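Here chain A shows up in two complexes: once beside chain B, once beside chain C.
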Partner chain A sequence: MSKQSALRDKLERSTDIFLLTAVVFAVAGATPFVMAVTMGDWEYWVDWKDRRFWPLVPIVLLIIFPAGLSAVFWTRFRLPIACTVVVLCYSLMRWVSTYLNFHVFAGYPISFVWPSVFIPMAIILDCSLIITRSVFVTGFCGAFMWGVLVYPVNWPMLAGFHEPINYHGEMLTAADLLGFEYIRTSLPEYVRIVERTVLRTFGDAVTPLTAVFAGFLSVLMYYLWWLIGSKLNRQTWVKQI
Partner chain B sequence: MNKLKRPALVFFCLIAPSFFCLDTLAHGERAQQANLRMRTVNWYDIEMSRTKLDVNEELVISGHIRPSKFWPEHIPSVDGKVFLNLGASGPNFIRQFSHIDGVSMIQSTSLELGRDYEFKLVLKARRPGRFHVHPILSVEGAGTMVGPGIWVEVGGSGADFVNEVETMFGRKIDLETFNLDVIFTWHAIWFVIGGAWIFYWVRKRPLLISRMRQIEAAEADGGDSNGILTPQDRRVAIGFVVVTFLVIAIGYQWAESRHPITTPLRTAKVNVPKKDEPATNLNVTLNQARYRIPGRSFRMDLTVENNTNTTITVSEFSTANLRFINPQVRQLSPADSHDLVAPNGLRIEGGPIPAGKTSEVSVFAEDALWETQRLTQMINDPDSVIAGLLFFVGDDGSREVIEVGGSMLPVFH
Partner chain C sequence: MSTTTASISPIPEIVADESVDENGIPWTNYFKVIIGIAVVYSFVRVYMHAFAYTMGLDYFEPEFATFWMSIFWLQAFVCAAAFAGAMGYLWVTRERSPDTVTAEVELSRYFKLITWLVGYTAVVLILGPLAGESDAAWHQVVIRDTDFTPTHISLFYLGFPALIIFGVGSFVYAKTRLPMHAKQSLVPLGIAIGGPILVLPTVGLNEWGHTFFYAEELFGAPIHYGFAALGLALLALGGVVVHILLRMKDLIDEVTAEVEA
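Right, the complex of A and B next:
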């Protein structure tokens, strides 16, 4: 019996390695691609990281894979690691892409094309699940935090790029100047979706309002993609292992 | 091994061409429809301050743009949004300054059809190499209107490039490497914390199958499927949440203390002062335009009313960045292999036009450029309208630039 259980443990460890590697590769391949075709530019360029769209679009879209995969990892294994795994893999692949594609191949400085940080939001979402042990409360609180925290998490890196510069008599931020100076032939200035919409009527409160809206949308997206993940998680062919 | 040979050969054939595609030599100029090139933006008097320079040296591109009066109706025009840009294969230059009619073009603007604008682009070389650069005007909804290109050679070393600016608080920063230490540090901190969270869970081995068995067994017995989670797991999770929030708060405060005053990204549209159509003492009417396909000959029959004090003649016809030069009036050679100049491409019948007289003039623009630049496609345009700039020079050295346009008939024999 002990030989059998040792063999079973060995097989299960091998399965762990195989499955986790497969998940990592699948996530690392799929997430950056999906994000690139949905929220790409806001993540590619520092002069797209504004107060209105950048704290909203990327974070609401990025919750798709973490929520869906959380449904599988929590239901099947009670493992609260899905969000962090997805975001870590995504962040790693973004850095690979930033360095190889944007810096080495295209020639842009990394100070212009650095990716944002989403890891702390993923940790909070995962931890919410195990602390509350409730999908509903996790969605309500954890996913809300996921949406709200983008700006403060990235502010240590972004603040410097928002220092004003007097450039030939005009005030620009360092981010604006990077965008102006480093030629992007296929990206004219008017394509930049930054600081638009009438939220400006709230004066300086643009960022907190956007954050709350992003949190609200993230809650809805979390529930939606958890549901989709649950449906795709049904055991159809292999009934018993 | 034999089983692998064919797939390996196929794979090699697929990737091999990528090793020979070393340069991007074209910017899609010829891919645009003929009417887009002929009837949108006219570029002329384009000058490059130099064609050989080193990294960190300045290159100035200047000239005139005249949005066509015959802009295609079905395409959004320059009265929407436009942006003066540079067509180049990547950030081989940085743009230090650009203007249209003296107005800074950091932001987008709008222009008027038929008006003449002066533009300037001041660039600084960033990477060594040989680059084909064009001034371009991006038009919202219509695309990029590409100006004439010229080859520029940049020597020196990219490592010598410096791009220093001073903020309004006196901080000198190099935009090439600005804030990289901060970016890398914060990313590393979060990667470590995230990795630690993952490590806490995956160190428990076996992991997946055994946990799934326990959960299924608990659910089958009607027990608590969360029993697999220990109080320590919960305490560790709370600890990670606390640490995460602490690091966020510390990071935010640190950033606020380091950069107490910040401004948002700038977004606005600038206005170029309105102006009248260029004044002229000539009255030019295009009576008929024909393109004879076999001879690559474009003919325009014009009525020219000369209200100047001097005899005038046509020195040049320019359309779609092609320049057809009248050799009897002007000598001009192509600057390089890609310069679209036909030095003997213009022939005039019926000119010069004496002062105060009206003459019927036929202008023939004839060169293989029509075909090599794919402008013969103009016969496939749905509206068969052409346009271009005629340059009239007087005996007194004066010059007038007149845009003409109208229907075009193809001649197939």
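Right, the complex of A and C next:
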């Protein structure tokens, strides 16, 4: 290897290490921060994981950072890894926070505050981009799958908490009962019941309906945040600030 | 296959700088920043776990003043001094003739800019899922009685000043050291740094609202929308990465061309 090549390798590898550190820290810090104040409660509490809002709100909002960063990673570097990287970093930091903050510091059981799984949907979204090499098709098909799959992917963990319980003559879920035992200031109207109002009479259709709606909204969000990501990352300079 | 090692041409500024290696890469500072921030926050965290519930539940108790308000005043002084000192140092030692900066020196300075950004994003990492969500969890179990509650002491009055120091420091470093930034400013850099820094005034709004009409801590409440909008400004960091990579690629080409094959 010539001296020139050796030096180039060393400099480029160092650049990669320095930049990747900053990018990973930024993604792992910013994504949970923004998600906390948008979809926060739906991800923090098992009694917020209903069939009406939970399959819709978190998955539609979580696509913001993956779509925005995909606009840079794909158009500039042809790297179809943004969604997976973002969701992996997000999931890791959510678990660190769940354990340290909600379990150790605040005393909630892990079974009450476990975060949902989004990694399979992120892989599908990135694989759509690799396979089709088309942003349009990825948004149309990949983002739709991203939105639709949140309920089945998390069902193995969630099912037990939706078992009905007869508690002093009142029907509620195991998640509801946990919620009453662990009072939080974020209880909406201070009393929350999973499956309130008319949902109990709608039978099976609620979940697939919400999933399809989440899929459509995810498609719109993917295009929107891809556009915003592209705009935010343009190399624009101003002479005076 | 044998490998040969090479380094960039020995430039006096790089040779004299003890914080960089023979190629002008500040590995020492890179590790110092990450480890330093991790150590400081670890101490903060251990202290919080030890004294939040025992000494931090009632603002009007004398123990609260001893264990928490004293930390607040110490932090205020240290952060103000650090900000003034850092910005003053960067300004006083600024590059006086940016047109004469060599490729080797500019490359080294880009590595140093990234080190500043590593510090900035390390603080973002702590403010988001660690300190930020510790505050979120705290407000679920403890009724608000003050804006100087234990979790706020580390989050708002240490974390955000640290974010400002590293963020403004990154911007000022670029303006005072890098030729491309001497007479113009990169918009994505301004957004990526300005956005999160503006979270501090948003904190003012947040605390005001929680004090008067919104004592509970519903995460998705409209009073928190400012945090979401400003946190999204970090999407612009991609533009900063693109700029840095494009410029460093040109500089690496220039620097390696001067080395004998």
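Worth pointing out:
In the analysis below, the second predicted complex is superposed on the first by the 215 of 241 C-alpha atoms of A that agree within 3 Å, B and C clash if a C-alpha of one lies under 4 Å from a C-alpha of the other, contacts with A are read in each partner's own complex, and residues count from 1 in each chain.
Rule of thumb we're sticking to: a contact is a pair of C-beta atoms (placed from the backbone, for glycine too) under 8 Å apart; a residue touches a chain by one contact, two chains touch by 3 or more.
Just so you know, these numbers come straight off a predicted model, no measurement behind them.
Once the two complexes are overlaid on the shared chain, A:L125 sits clear of chain B and of chain C alike. Legend: residue contacts after superposition of the two complexes on their common chain; A:V148 is shown touching neither chain B nor chain C. Residue contacts after overlaying the shared chain place A:L79 against chain B, while chain C stays out of touching range.
Once chain A of one complex is fitted onto chain A of the other, the partner contacts of A:A211 are absent, as it touches neither chain B nor chain C. Shared-chain residue A:T15: touches chain B and chain C both. By the touch criterion defined above, A:M221 lies against neither chain B nor chain C after alignment on the C-alpha atoms of chain A.
Of the two partner chains placed by superposition, only chain B is touched by A:R133; chain C is not.
In the superposition on chain A, contact of A:G107 is made with both chain B and chain C.
In the superposed pair of complexes, A:S91 makes contact with chain B only, with no contact to chain C. Residue overlap on chain A between its contacts with chain B in one complex and with chain C in the other: 12, 15, 19, 76, 106-108, 184-186, 188, 241. Interface residues of chain C facing chain A in the complex, by the touch rule stated above, are 1, 3-8, 23, 25, 30, 34, 45, 48-49, 52, 107, 111, 114-115, 117-118, 120-122, 124-130, 132-134, 136-141, 143, 183-188, 190-191, 215-220, 224-225, 227-228, 231-232, 234-239, 241-246, 248, 252, 255-257, 259-261. Those residues of chain A that touch chain C in the shared complex are 1-4, 6-8, 10-12, 14-15, 18-19, 21-23, 25-26, 28-34, 36-42, 44, 57, 64-65, 68-69, 71-73, 76, 93-94, 96-97, 100-102, 104-108, 184-186, 188, 228-229, 232-239, 241.
Only residues 27, 81-83, 85-88, 90-97, 104, 106-108, 126-127, 136, 138, 140, 144, 163, 165-169, 171, 173, 175-180, 182-183, 186-187, 190-191, 193-195, 197-198, 201-202, 205-213, 215, 225-226, 228-229, 233-234, 237-238, 240-241, 244-245, 247-249, 251-252, 254-256, 258-259, 261-267, 269 of chain B touch chain A when the two sit together in their complex. Against chain B, in their complex, chain A makes its touches with residues 9, 12-13, 15-16, 19-20, 47, 49-51, 76-81, 84-85, 87-88, 91-92, 95, 106-112, 114, 117, 119-120, 122-124, 126-128, 130-131, 133, 149, 152-153, 155-178, 180-186, 188-190, 192, 194-196, 206, 241.
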